[in-house]
Amino acid sequence: MTEQTLLTTQTSQEQSEKQTSNPGTKQPRQLVRFTFYKLDPQWQLLHEEKRQQGKQELLAIFDAYSQEHVMRSFGLYGLRSDCDFMLWQASYAIEDLQGISSKIRCSVMGPYIREVHAFLSMTKRSVYVGKNARGAHDPRLVITPEDKKYLFVYPFVKTRTWYALSLEDRKRMMNEHIRVGLTFPSVSLNTTYSFGLDDQEFVVAFETDIVSDFLDLVQQLRETEASRYTLRDTPMFTCVAQPLHEILEAIGA
Amino acid sequence: MTEQTLLTTQTSQEQSEKQTSNPGTKQPRQLVRFTFYKLDPQWQLLHEEKRQQGKQELLAIFDAYSQEHVMRSFGLYGLRSDCDFMLWQASYAIEDLQGISSKIRCSVMGPYIREVHAFLSMTKRSVYVGKNARGAHDPRLVITPEDKKYLFVYPFVKTRTWYALSLEDRKRMMNEHIRVGLTFPSVSLNTTYSFGLDDQEFVVAFETDIVSDFLDLVQQLRETEASRYTLRDTPMFTCVAQPLHEILEAIGA
Amino acid sequence: MTEQTLLTTQTSQEQSEKQTSNPGTKQPRQLVRFTFYKLDPQWQLLHEEKRQQGKQELLAIFDAYSQEHVMRSFGLYGLRSDCDFMLWQASYAIEDLQGISSKIRCSVMGPYIREVHAFLSMTKRSVYVGKNARGAHDPRLVITPEDKKYLFVYPFVKTRTWYALSLEDRKRMMNEHIRVGLTFPSVSLNTTYSFGLDDQEFVVAFETDIVSDFLDLVQQLRETEASRYTLRDTPMFTCVAQPLHEILEAIGA
Amino acid sequence: MTEQTLLTTQTSQEQSEKQTSNPGTKQPRQLVRFTFYKLDPQWQLLHEEKRQQGKQELLAIFDAYSQEHVMRSFGLYGLRSDCDFMLWQASYAIEDLQGISSKIRCSVMGPYIREVHAFLSMTKRSVYVGKNARGAHDPRLVITPEDKKYLFVYPFVKTRTWYALSLEDRKRMMNEHIRVGLTFPSVSLNTTYSFGLDDQEFVVAFETDIVSDFLDLVQQLRETEASRYTLRDTPMFTCVAQPLHEILEAIGA
Amino acid sequence: MTEQTLLTTQTSQEQSEKQTSNPGTKQPRQLVRFTFYKLDPQWQLLHEEKRQQGKQELLAIFDAYSQEHVMRSFGLYGLRSDCDFMLWQASYAIEDLQGISSKIRCSVMGPYIREVHAFLSMTKRSVYVGKNARGAHDPRLVITPEDKKYLFVYPFVKTRTWYALSLEDRKRMMNEHIRVGLTFPSVSLNTTYSFGLDDQEFVVAFETDIVSDFLDLVQQLRETEASRYTLRDTPMFTCVAQPLHEILEAIGA
């Protein structure tokens, strides 16, 4: 894992001072959404002309949004039975997340593509990297996809016992976790925070070009002490970076 | 969190005397409902004229109810995959909750908007604020939305172990919980009670204008001792205050 | 709670002798069913004439059954998202439960009203009230609704640890449970038994005219020792006693 | 319970020698399936003529199969909300289970009757009855319905802790279990085995003519020591023996 | 179980050196997918001609893929209620898994066959067989079906406690597991790895010609010490090797 993104745990007592609501003196944080779609097979039974029109409209919405915000498309058809593709978005304004959803909903394809899963989160500084190291322009507060071939995404919830541990114990366990991660330099990690916003505590997103490296990393992490404090880490999604137009062709849209 | 609404736990032994069924001497309590709707995509395929008629009818029902009762609308499209909008209602009579539901069901849009989640609850005094402080006109018994930009809602169930603790222990833990809450003055809390009425024990609703403050508060609360007695606090809903007509346009209704 | 119905636990060792299969010397026990229905919105799109015919037929079926058996209707629209109304039936013969279901299924509305939940149970004597007190005509073996305004229903499963306790311990806990219940005289309880017949062990049904009394009672019961042995007590249903014709009008049938 | 069928636990260490794959010297074991069906309400909207044709075809398939294999029909309408009827089959060849399913699927009613639950299992000798007592023609290896009025069915999974107990401890607990069962002579038990074949370990099927006897037996068994090692015993199905043609009429097919 | 495939556990600390991302010096690993399909009954209502065309197209897709990759078909109709057939695929490229899915989706039958379950995994060496024994051409890295009559498949998750055990303890338990397996020589095992790729840790697939042998093996394995560390091993699928054209005929496609 790259060093930049290894650190996922936050001790809130250390943070409360600088995270409270005076945004003027702080670098803004981004909202992030991972939205998983399934095409209604009824769409495939419509006339070719309407389907071409619908696909062009959807691609135009996607492209327009992509020019101003972080937006990536991934194919999951052939890998996971409950969804066909995923859109990964990041923006500073919740209106942007709602806006793209509204545009898709109101388009010709809108009534035929279902959101079957979605994870909402925000960027946040981790307590495990010192403030001095990053200053006011911490890259962890901005989503910057590395555009590798695969993205692995899952929601994450720790046991309440974890949060009752001392900061020292948690730091020790996170350091072991980090050491294992560093043995897989091909894998980089984006962790965002969902406390109170959605059903999970974190959304964990790993980028890599080598599927087996990610599998081996996750298996090794099972033996770390921190792993015992995992309450939930499913569903797990294997996502392949693909242009949206290729995905739509592939699923027969 | 504002001081008024911080207190969520109730020791029933202290309450049984004054909460029993002699309503003449007590301030009445309100019934509260949070109803989450999803639009059936078939609605979008109907003729424009019928859809305009349906939307106008739904807005008129909403407006008429709002003039006599607490009623607010929130958008969830683009944030949560399983619902599009939420209506927050409060009233002294269960007939009012049933009445608005009936009017919506019997309207043109009725067969096309599904209730996918709903939480039923009542207002109730907390044991942690003394009777003298509020007297017979306790504002906690009346829902008064502050009309901030965001509402965060989730159902809440404590472990049975919590209820076996002494009152003293629970008060101590609630005081710590309160102290953490007070460090986020932008967040205010409405807690209502669902024991026996619905699948949860409490419905917790936080209002704020700053999403990140709420996220940081919830993360900090994980480290409180009271947090270990949480059995369930999902699903969690991020709701954006929006006029109903804007929501209906946005979801292509 | 009324004294008659407070007692819900049964020690089978004391009962095996008198509950075995010689029905000639015993008062018969009733079968009870709580059936929760949801109207298919497609029904609302049918012609008015067919819908009037369907409603009249359903009401006639209901009325005919009511004349010979215990049968009550309750509205849940506007209170719970997954069902519209509930029918509470009791009869000595399983054929009666199947008969009413068959008549509804074969009626015009049959294909459009879905059973979304149902709880099957039987009446049974509790071990906590002595045999002498009731004799051969124990009212607990006959369902006699008090026809109050509200009925609260939920399925109930105790932990296996409960059943491993001594009879003495369980009696002590049930006595505490009873004492709490007696402080809410407006609430009366019907407990029926589902062991082996359905997914729960008991179906608990409380009648009251005062919603807040029931809520406060359930919250107080959380602090009893017996409460720690609850494995499952959801879903919980708030039901409003209403004539079936009013319900059908209200849900746009 | 009848003595023949009381015994449900198997200690595999004692069995491995005689259960391995030399079928020539052993009495063959049967495959058993409990299939629960729900009628699609769309069927009820088809023309009477097609429906009569469909029902006759289904009855002919059922009768033909019944002449060569164990096959029984049970009604669940009016008792359980998620299914209408159940077919209980037993055969020596998996092709027979697939064959009847195929015939039903390909019939006129096929697209309109859904399998909503199914439990697949096999007959097997229990370790608690000695080999000598039964010899090579053990009746437990052949399903022979007693054709009583009621059949109660549920899937059953024990905790892994059970399997870590000594054989002696398990035998002692099973003996207590058996003693309780013997006090209800009206109830007989068919236990079949699903390890590795389906989601449960056992399928338990009780036949009786007296519903309350079965309820009372299951409640008493809660107090046995073996009961503490139950991990899952739901869903539970109350099934009424009925000719298939009566069932089809009753559900409006 | 055959010796080749008995070993399922991997100690990652021993593996990290040789499993990292330098594929040039390593035998490549395969991606594996088990996809379970259910036919939409609407397909059966289409004209015979279109259905024949659809079936021929699906068979041609299947045959073309089978000539270049591992691909097998299995029937589950009549055995499991939630699916009709399963396709077992293996390939070195994720594009192959996506490609076959795309071809099926875009075919005439595409809108009518639903993926109701799917398990994604990879081959991987087990730590329990030494490197020297196999060298660079380890057969465990290549899926080679033995084409027996039955395939039993389930997803598998171990408890986190397992991963906290010493390697020595885990090896001891796996050796006991292996010894039990060896008493059933008719059963062979394919274990593949899903860490991070899908909701399970392993996908376990057993081939045999004798159903009862597999049942007896799974029951015996319950008594091993390793069995206590199983967190989840359901759903379990009994799959019958059948040509796809026979399956399609049997389910009325």
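Here are a few things to note about the model shown:
When the chains are written out, they are named A, B, C, D and E in that same order, and each has its own residue count from 1.
Heads up, the rule we're going with is that a residue touches a chain if its C-beta (ideal position, glycine included) is under 8 Å from a C-beta of that chain, and two chains touch if they have at least 3 such contacts.
Small disclaimer: the values here were computed from a predicted structure and weren't measured.
Shared contact partners of subunit C and subunit D: not a single chain qualifies.
Using the contact threshold fixed earlier, the set of chains in contact with both subunit B and subunit C is empty. Subunit A and subunit E touch with mostly distinct residues; of the residue numbers seen at this interface, under half occur in both copies. After Cα superposition, the angle needed to carry subunit B onto subunit E is 145 degrees, rounded to a multiple of 5. If you average the CA atoms of subunit B and of subunit D, the two centres end up 46 Å from each other.
Remark: subunit A and subunit B have CA centroids separated by 28 Å (rounded to whole angstrom). In subunit C, no position touches at least two other chains. Judged by the touch criterion defined above, the protein chains form a single closed ring in which each chain touches exactly two others.
On subunit E, the positions that touch subunit D within their shared complex are 41-42, 44-45, 75, 77-82, 152, 154, 183-186, 206, 210-220, 222-223, 225, 227-228, 230, 234-236, 238, 240, 250-252. Chain contact summary for the complex, subunit B toward subunit C: residues 10-13, 15-16, 19-21, 23, 29, 31, 33, 35-36, 40, 94, 97-102, 105-106, 110-112, 115-118, 120, 122, 124, 160-161, 163-164, 193-199, 201.
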